Each structure stands twice: as structure tokens, then as C-alpha cells.
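Please go over the structures that come below.
Both complexes shown next keep chain A, but they swap its partner, so chain B is in the first and chain C is in the second.
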Partner chain A sequence: MTQLINAIFLGGLYAAVSLGLTLVFGVMRLVNLAHGEILIGGGYLALFFSGHLGLDPLVSLVLVVPALMLIAYPVQRLLLNPLMAHGAEPPLVATFGLSIIAQTLFLLAYTSNDRSLSASYGLTGVNILGTDVRAVLVIAFVGAIVLVAATHLALTRLRFGMALRAAAEDPEAAVSLGIDVKHVYALTFAIGAAVTAFGSVLIGVAFSLTPTAGLTWLLRAFTVIVLGGMGSIVGTLAGGMMIAFAEQYGALAFGPQYRDLIVFSLLVIVLVIRPQGLLGKKLA
Partner chain B sequence: MRCKLRCVLGLAVAAAAAAITVTACGGEASTTGTSANETPAGEIVIGATIPLTGALAAFGAQEKIADEMLVAEVNAAGGIMVDGEKKLVKLVILDSKSDPNLTTTQARTLALENGAVAFFGTIAPPLVIPLSSVSDQLKVPMTHHTPIQAWLGGRPEGWEYSWDVFFDELQMTTTQFEAADLAATNKKVVLFTDTEPDGVVMGGLWTENAPKFGYEIVAHETFPVGTTDFSSYIEEAKTAEAEVLIAQMVPPDAIALWKQMKAAGYQPKVAVCEKCSYNAGWAEALGPLAEGTLVADVWSPEYEYADWEKLLATKSQLGGQRSPGVSGVAISYTVGKVLLDAIAKAASTDPDKVNAALAATNGDYPTGHIEFTPEHYSAIPAVQTQWQGGGTVLVWPEVDGGGELIAPVEGLG
Partner chain C sequence: MSGEEAIPAHESPGTPVRGRRPVLPGIASGVPGTPAARARLAVVVAVVLAALFAGPQYLSVGNVVLAITLFNLMAMAQAWNLIGGYGGQFSLGHGLFVGAGGYTMVLVLLHTGVPVAAAILIAGAVTAGIGALAGIPLLRLRGVYFSVGTLGVMIAAQAWVINWEWAGRTAGIYLPSDAVLGFSTQYYMGAALVVGTTAIAVVTVRSRYGLRLMAVRDDENAAQELGVNGFRVKLTAFAISAFLVGLSGALNAFEQLNLEPYSAFNIFWAVNMILACVIGGMSTFVGPLIGAALIFELQQQLQGYQDLTALIEGAILLAVIRFAPDGIWGLLYALPKSLRVLLRRLRQQDRAATGA
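Our next item is the complex of A and B:
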């Protein structure tokens, strides 16, 4: 029971840190290798705002979200959009370069020492069916469901969401219908960063921030979205849960040292049986 | 036109990113003693490939402070008499990015291209062992500070040009129990060790040593680096009523563990966190939660060994408080000084003469008396310090000027 409850809430956190990556891939087919740095960068921004303004880390999202969007929009519009015209590789390499630049900037600003966000919900537990669950994980779980539902509804019900889906499915046809695809792409990247900000704060509160920690989270986020279905918003939640379940029950059955082996074996098995992931669309 | 401009701008930024990546992969170089482009024949070049970025960057920062301070002092005093003339020391530092492969490449570059006649070493066995291999292959004498048994294990037949000054894990893994004896506990211990080589070795040694000191290991949790959820382990520790916790983990995992212990209401009477709490980042990341954590150390200003005031003053560059980071500077300074003293004693940069002078080292240094064994190491007795008031205080052994162990662990209360 303890494992089940822990997996559910941890799965929510994994989904929260992966949602932005799903959104960007789903709309633009862009594999954003700088996603980990957006996560960590958001955490450092929250650290900055909470340190200087005395804000609670979650409240600091009011400033972190627009700040990340202001950075992300021009990156996509001025750098990645032109490169996407040359195929999938140039933007991939560019996001890798951006991740290195970001790591260097984090190192200069915050040194290599670990930092973390201080909040009471990071240090208190909630008893759920006899199991103590950290309050921050409960917040992560609830927040992930809200974000996934809101993103799904926005994509399916709102006019902008429809434009976004049109740009994703057939960019040329979307242009002919008067949709500014470049603006849609840039806005998608910015929204992806905004959604990621929630995961940033969760990581900072629940764990810690270091300039190079982005890679670890990028790998986890990739596993989540591949398992859940590349580009599938709801699949991200499913992928997060799958990873958390595999970690918890795999460690229980085989020992914690086999955690990564179990998770990545699961990834390979799912890819063989269902290459598009759990809830992804069948690949052309 | 707009598209062209944007494309050019995009490509330019991508190129800049790629350029930074390439530079980063190659490691940045810094030079102390003369300008970077100047290498007069009359200088003694010392190479150092240290982790200024990556997982071990906190240690590299301490080493850089010590290496540069030492070279500046030697040069200010006119340099070292070699081959009948006083020569200045030129220090070339490369960033190994905490990568053993890059460490090897850079060490060869330092010796073969920069003309380094000796190396200032670093701390972590995964970096020191490949560095020692290069030192032996190219006959470049080197001094370093890394856990002795782990380093000796890197070449069972023995090292030739590489010399170590640090604590011996066999002694160090008894200090946690000796410090724990200062508090009243039920002597039940939970171990948290990751699956890295040092975690495995230390876990084994603590398991072996516990009964000798009357302690019982009631739970031994092992896990890979990068573990995020420790809740089931904490429950086990609580159920087993472990009042002493000993951990050997990387800082990010340990920070997660400490936060989760606090959230789960688990407050051991004694909590040791080796490796994880060995720099100022521990207190920076955890704040009040760090209070009460114990950690082994290799240098104590309380003993008032040579240069202790000057070395203690480097705390201003490392967060402002005394911490194991300051000890990192002290031990780096010490091993560097041992090497430069050997060159001075040999009055030559000939590797065999310097090596012979190193073997004959017998003197007092900032970490105490240094005299090498035939196996090329000089063991410093490890002590135990406790995080108190945002810095560390020597609590074991009990000496004048030291502090008292605070139990139970204040930060987890």
C-alpha cells in the first residue's frame, strides 16, 4: 500500500516536470534538449524571487512564469524557428547548445553548490491511508492533474488551441488558413516553459538545484513522454505514473540498485510492443 | 530579407552555442605566475587538472584557491632554486569537468604540451586514479589528497610517481562510532549508502566496525545515485528504532533524504552524512535543517598547525563560515607545499630526483606531520565535526577550542 500511494504522488511530480516537453514536441516535433535547464532555471528564478522578495516558492510562480515566457518566446521565434526550416537536426543541436549556455550561466550566478527552495510543505507530511506522504508531492499530484486537464481542454476547446493543433498537424495548410505559425510555435515554446515552471518549483522544494541537474531531469522527462506517448498531454500523466510505479515496485521486488535497469527495460518493452507509447498516436 | 536576417541570427547564436560547447568540452585554462601565452625557459611549470565544473566542482574551487595562493606565495618569495638559479613557478590549471576521461587527456596535455614537470592532484578517487596512471606513465611526480584505500586499490602493485596525503578509510570509518559515543543512544544504526564504489566500500567498513564499538546495524539501505524517494527506507529506520544514522551519499540525494526525514518526523539522535555534507553547499541548501549533521574532516584549526590562521581566513571565499570546504583548501595547500618543497630539496625538476625528495619528506605541514610510507601515502587522522550555527565545529576528539556534540539532531527536530 505504501508503495502504491508513494507511486501515485511521485508520478504526479514526474508528469509535472515533463508536461512542457510534451507540449513542445507535440506541436512542433521539436526535441528540446534544453528542457532540463528550463526546469532548473525556473527553480533558480524562484530562488531569486523568494530570496529577494520573501515570497513563498509557489507564490513566486506569479513572477517566474512570465519571466520564463519572456525568455522562451524570443528563443523560439528568433533562433529555433529559422533553424527548423533546415530540418530536425539544427534545432536539436541549438537546444543542446542552449543547455550548455544555461548551465554556464547558472554556475556563474549560483556556483556549483546545491541550493533548494525553503517551504513548509517541503518538510511536512500528510497522512493518506496510513502512509505519510510529503505535502509537496500531494501539491505536485493535484497540480499535475489540473495542468494536464487545463492544457488538454485548452488544446481541444479554445480557438488558440485549435490553431496550435492545426500548426502541429499541417503547418503549410495552417499558414494558408491565415494562422501565424511562427507566432504559434513561439507561443507554444513559451507556454511549455510556463507549464514547466510549476515543475521547477516542485524540484527546488522537494529536492535541490544544481547547475548540471537538468540532464537528470531531462532523461526522466524523456522517459515519461516516450512511455506515455510522444506529444500526448494525457499520456504524460500516464507516463509519469508508469515510471513511478516501476521505480517503487521494481525496487521492492528486485532491490533499489536495479531501479534504472527496470525503468529503462520497461521503456524498451513498451517501445517494442507499442512504439507510439501508451496514449500516443500511431507513427506514420 | 527578414528571413535571411533571422536565419543568419539564428545560425550565429547556434554557432556561439556550439563554440561554447567545444570550449567547455576542452576545459578552460587559467595560468598563474606569468601570462597565459608566456612560458619562459626559466620557469617551473606545474600542471593541475581539477574539477572546476561538474559534480565535483565544489572541491575544484577549493583546490584552485589553495593552488593559486601557494604559487603566489612561492613566487613572491623569489621562486624555487633549481639547477643553480631561482625560478618562478608557473601554474597551469585546466577544468576537468569532473570527467575521468578528460582528466587523463588534460594531464597528458599538461605534461607533453605545457611542459609541466609535476602535477598538483585533486581529491576524488575516480579522478585521482587515472591522473596517477598518467603520472606514472609519463614520470611526472604528483601529490594529491584522496581516500587512501580507494587510491591504493587503483593499482594494487603500487604507485611510483604519485603520493597521497589524506585520511585512511580504515580509521575514518571508526570515527562515526567514536563521535556517536558522545551522545546517549540505543546504539542501533541505520546505514544509507549509495551504490557508488565509495558507498559500497564505506558501507562494508561500517558494517564491520559497528560491533567492535558495541553498535548494531539494524537497517542498511542501499540505492543508486539519483534516487528521489526515500520514504520506505525512512519507515524501516523508524520501525527499527535506529537512533544513529550514518550516510555516504552525493549531496543532491542527501538533501532529498534530509527533507524527507523531516517531513516523516524522523529525528535520530546522531546523524552523519559523509561526502554529502562536506562543503558549504550543505548549509546553503538546507539552511536550519543542516544543523547537527556530523561529517569527517582532515584539518582542524584547533590543533594550531602551521599556517592555520591564514588558511582559516579563506572561509571568506567559501561562504563565510568554517566548513569542510576550508579544510579542502588546507589539505590542497598542504599537498602542493609538499610537492614544491620536494622540488626545492631536489634542487632540480628531474622526476627521479623530485620523487626521491618526496619519499624523504619528513616535516610539519598545515595538516600535521607528513612522512610517507613505502606505499606512497601519509595518513591524517580523521576527526568528526558537526554543523552548528551554519558552520562546522570540531566535536571529536574532544580538544581545547573544540565544541560539544549536540544531540538529538537539531535540524531534524
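Our next item is the complex of A and C:
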């Protein structure tokens, strides 16, 4: 029972961490190899703002979100958009280059030492059905559900969401309908980064920030979207839960040192058996 | 005139082409045509080889040591290019083969009495086997899924070795002291590996098999329809690449003396291979060597400022992919032609000016 409850709440955190990657992948079929660096970078930004202004890490999101969007929009507009005309590989290489640059900047600014965001909910527990769950995981779980629902509703109900889905479905037809696809793509990338900021703060509070930590988070997030159905927004939540279950029960069966091995083996196995993902098919 | 209209619509120059075209047909398709040009190429190659293998005669010990690292980087980049460039399979997990080659060789030397040369070959063979095994599931994936899949396999392998008691867990393993090689021996092995890897790449790509490999890269479905088994073609290239990187990994173990899982199985290796290939010029034989030399020189110049090096490397990578997708060698290769075009245009303007 303890395992089950912990896995559910941890799954919420994994979903929150992966949602931005799902959005970008679902709309542009672009795997952002710098997603891990957006996560870690958002964490460092939160560290900066909470440190200098004395803000609570979650409150600092008010500043972290616009900052990340301001960085992400031009990256897509000026760098990735022109490359996407040349096939799938050039933008992939470019995001790879961005991740190298970002890691270096983190190292220069914050050294390779572990940093973490301090918040009261990082350590305290909440009693849920007799199990002590870290408060930050409860926040992650609730926040992930809200974010997933909001994103889903925005995509299906809002005008911009519809333009976005049209651009995902058939970019050329969308252009002929008067949709500014370049702007839509850039805004999607920026929104993806904005959504990711919540995951950044969760990682900073619940785990720790190091310049190179982005890589394993990228792989975990990618596993989430593979399990959750390749770009399906609601599937992200399910994917996060599945990985958390696999980790919790795998660690119980084989020992906690095999956590990473279990997750990444799961990734490869699912990729091979069902390349389209375990659940769902299309965006939203 | 109607010269341009004769080109079918789908081949018109403005149409974006999916995947990488063979951008430098002159290099990919054959040695220079005339006997004189061929003789010139042979002389150049002979001089370069002579200078290469006479290295320890005229280089200082420090430079010999540097050359060993450079050769390793060159050979790895050339091997990555075979599957990543000519095969179009963008592997992020080639660190798996560096680690597998190094670990296999040191474990063989520690636990058996075979000579060093045999241990190196065993390392290559075992790594090729690991490459083939990993390739069976991975190469069923296309594009980005393959890339992330290779990364997943490498990290999984690292996690496995970290927990593998026989391989020393996090402490790693040490090269037995009777197998430690002198610097000049390592130099010759490294030079031979660069030459051998390049030769294997040339022969492979120029063969009928190489044509099939590039056909699968450019349009896998069309190649399948023509009777090419895309999966088998890619798997072969992946295994050859793994074999060659496994040998590099073994040589790297002689240089390092001690292997531990975090650095042996690291994305850093694939980062260097990709930087060298993209910056130098993917799908060419010279590009990876130039790219490797360039990033190596950069790393040497900025020694002590490693952070800055990575920053500059990343920036160069972005600049190249955005503005010179064929890499530095692509630029150099196109230089005479673009100069000729420029001259002709100037001359025409001249003539027009004097005529008017």
C-alpha cells in the first residue's frame, strides 16, 4: 500500500516533468534534446529568484515562466524553424548543441555542486491513508493534474489551441487557412518551456540540481511520453504513473540501485514492441 | 529558355529534400578520373602516411601523447560517420561501444593469458556482437526514436556496469601492469587505427553495399521496394561501426590505465563524435578527420578553460548546422567551384560593361 501511494504521487511529478516535451513533440514531431536543460535551467532560475528576492520557489514561478518563454520563443523562431525545412535531423542536432551550451552555462554559473531549492514542503510529510507522503509530491500530483487538464482544455477549446492542432495535423493546409505556423511553432515551444517550469521547481525541491542532471531527466521524460502515447497530453499522466510504478516495484524486487536500469530498459522494450507508444495515438 | 522547365517538378532545386542527400558526389562516387589526378592523390596519401608513421621520430614525447588522444578521436568520429552519416542513423549511444571495448579488453587481460594484440581484437569482436544485439531492436526504430533508444541503452549499460561486481562496480578496473604499453607503441596503434578505420569506411561506402546503405538512408521505403533489406543493411553498418569504436575503446583503456563506468559509458563520447562529424562534414571521409582535429585543437588551446571549450563547441555546432550544413570540408570542397562561378560572373559583368 505504501508503495502504491508513493508511486501515484511520484507519477504526478514525472508527468509534470514531461508535459512540455509531450507538447513540443505532439505539435512539431520534434524531440527536444535540450528538454532536460530547460528543466534544470528553470530550477536554477528559481534558485536565483528565490535567493535574491526571498521568494518561495513556487511563487518564483511568476518570474521563471516568463523568463523561460522569452528564451524559448526566439530559439524556435530563429534557429529551429528554418532547420525544420531540411528534415528531422538538423533540428535534432541543433537542440543537442543547445543542451551542450546550456550545461556549460549552468556549470559556469553554479559549479558542479548539488544545489536544491529549500521550501517547507520539501521535507514535511502529509498523511494519506496511513502513509506518509512528502508534501512536495502531493503538490506535484495536484499540479500535474491541473496542468494536464488545462493544457487539454486549451488545445480543444481555445482558438489558439485549435490553430496549434491544425498546424500539428497538416502545416501546409494550416498556412493556406491563414494560420501563422512559424509563430504557432515558436509559441508552442515557449509554452512547452513554461509548462516545464513547474517540473523544474519540483525537481529542485524534491531532488537536486546539477549541471549534467538534465540527461537522465530527458530520458525519463522521453520514457513517459513513449509509455503515454507519443504526444498524447492525457497519456502523459498515465505514462508518469506507469514509470513510477515500475520504479517503485522494480526497486522493491531487485534493489534500489537498479532504478535507472529498470526505467531505461522499459523505454527500450516499449519502443521496440510498440513504437507508437502504449496508449493513444494523436495529440489531445 | 525551357532548360529549367525540363526538370520534373519534384526535383526542382527549391523543393526541400527529406533526409540527407549525398552532398559531395565527387567524394562519394570515386577517385579522381584522370590517371594524372589519381597519381597526384596517391603521392599525397603516401606523403601523409609517411609523415604519420614517422611521428615518434620527430615529435616530442608530449606531442606523441597528444597525438594518441587525437588519433582515438579521429578514428571514433570516422566510425560514427559510417552509421551516423552514410547510414543516416543518428546514434547518441556510441559511448556504449567505447565502454564495452575498453572493459572487454581489460577484463580479458585480467582473467586470461592471451597476448595484448589478441585482447584488442577480442574487444573489437565482442563490441561488434554487442552492437549487433543492441541493433536488432534499435534499428527497427526510425529517426529520433532510434537516437533516444541508443541513449537509453547506453545509460542502461552504465547502470548495469555500476552494479556489476565482477567489473569492479563504481571503482572500476585497472589495466594489469604487464600490459601497460609505451607511448610510441600506442602512437603506432592509434595511427594504424585511424588509417584502418578510414580505409574500411572508404571500402565499405564505395562498395555495392555502400550504395545500398545510402539508398536506405535517403529513402528507406523506396529502397525496400527495390529489394534492399533496409534493416539488414543498417545492422551491418551498425556492427562495423561498433567494431571500430570497440577497438578505439580498447586503445583508450591503454591511455587511461583505469576504467570506471561513469566515464567509460558516457554521452561525452558520442558528443565528441557528433561534433567532429557535423563540424567537419557528415558523409565525407575527410570531414570527420578535420572536425576531430579542429575540436581537439580547440580543447588544447583552451586547456584550463574546459567550460569555455564546450561553450564554443556548441556555438560552432549551431553555426555550422544553420549556415553550412555540409560542414567545413563541404565549404572547402565547394570553394574552387564557387570561386569559378564568381569569376565568371565578374567577367560577364566586365564584358557587359565594356560592350555597353
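Just so we're on the same page, the second predicted complex is superposed on the first by the 261 of 284 C-alpha atoms of A that agree within 3 Å, B and C clash if a C-alpha of one lies under 4 Å from a C-alpha of the other, contacts with A are read in each partner's own complex, and residues count from 1 in each chain.
In this text, a residue touches a chain if its C-beta (ideal position, glycine included) is under 8 Å from a C-beta of that chain, and two chains touch if they have at least 3 such contacts.
A quick note: this is a predicted structure, and the numbers were derived from the prediction, not measured.
The larger set of touched chain A residues comes from B, when the choice is between chain B and chain C. In the superposition on chain A, contact of A:T216 is made with both chain B and chain C. After overlaying the two complexes on the shared chain, residue contacts for A:G122 are found with chain B alone; chain C is out of touch. With both structures placed on the common chain, the touch criterion links A:L70 to neither chain B nor chain C.
By the touch criterion defined above, A:P90 reaches both chain B and chain C.
Legend: residue contacts after superposition of the two complexes on their common chain; A:V31 is shown touching chain C, with no touch to chain B.
Within the superposed three-chain model, A:D114 lies in touch with chain B and out of touch with chain C [touch as defined at top]. Applying the stated contact rule after C-alpha superposition, one finds that A:V272 touches chain C and leaves chain B untouched. Touch criterion met: A:L105 reaches chain C, while chain B stays clear of it. Judged by the touch definition given at the top, the superposed model places A:P82 against both chain B and chain C. The contact surfaces that chain B and chain C form on chain A in the two complexes overlap at residues 79, 82-83, 85, 90, 93-94, 96-98, 100-101, 104, 107, 216, 257, 260. Taken together, the chain C residues at the contact with chain A in this complex read 16-20, 88, 90, 92, 137-138, 140-145, 147-149, 151-153, 155-156, 159-160, 162-163, 267, 271, 274, 278, 307-308, 310-311, 313-315, 317-318, 321-322, 325.
Across the complex, chain C is touched by residues 31, 33, 79, 82-83, 85-90, 92-94, 96-98, 100-101, 103-105, 107-108, 215-216, 219, 222-223, 257-258, 260-261, 264-265, 267-268, 271-272, 275 of chain A. Listed in rising order, the residues of chain A touching chain B in the complex are 2-3, 6, 10, 78-83, 85, 90, 93-94, 96-98, 100-101, 104, 107, 111-116, 118, 122-125, 131-135, 206-208, 210-213, 216, 247-248, 251-252, 255-257, 259-260.
Within the complex formed with chain A, the chain B residues making contact are 3, 6-7, 9-11, 13-14, 16-18, 20-21, 24, 53-55, 57-58, 61, 195, 221-224, 226-229, 231-232, 235, 251-252, 255-256, 259-260, 262-265, 279-282, 284-287, 289.
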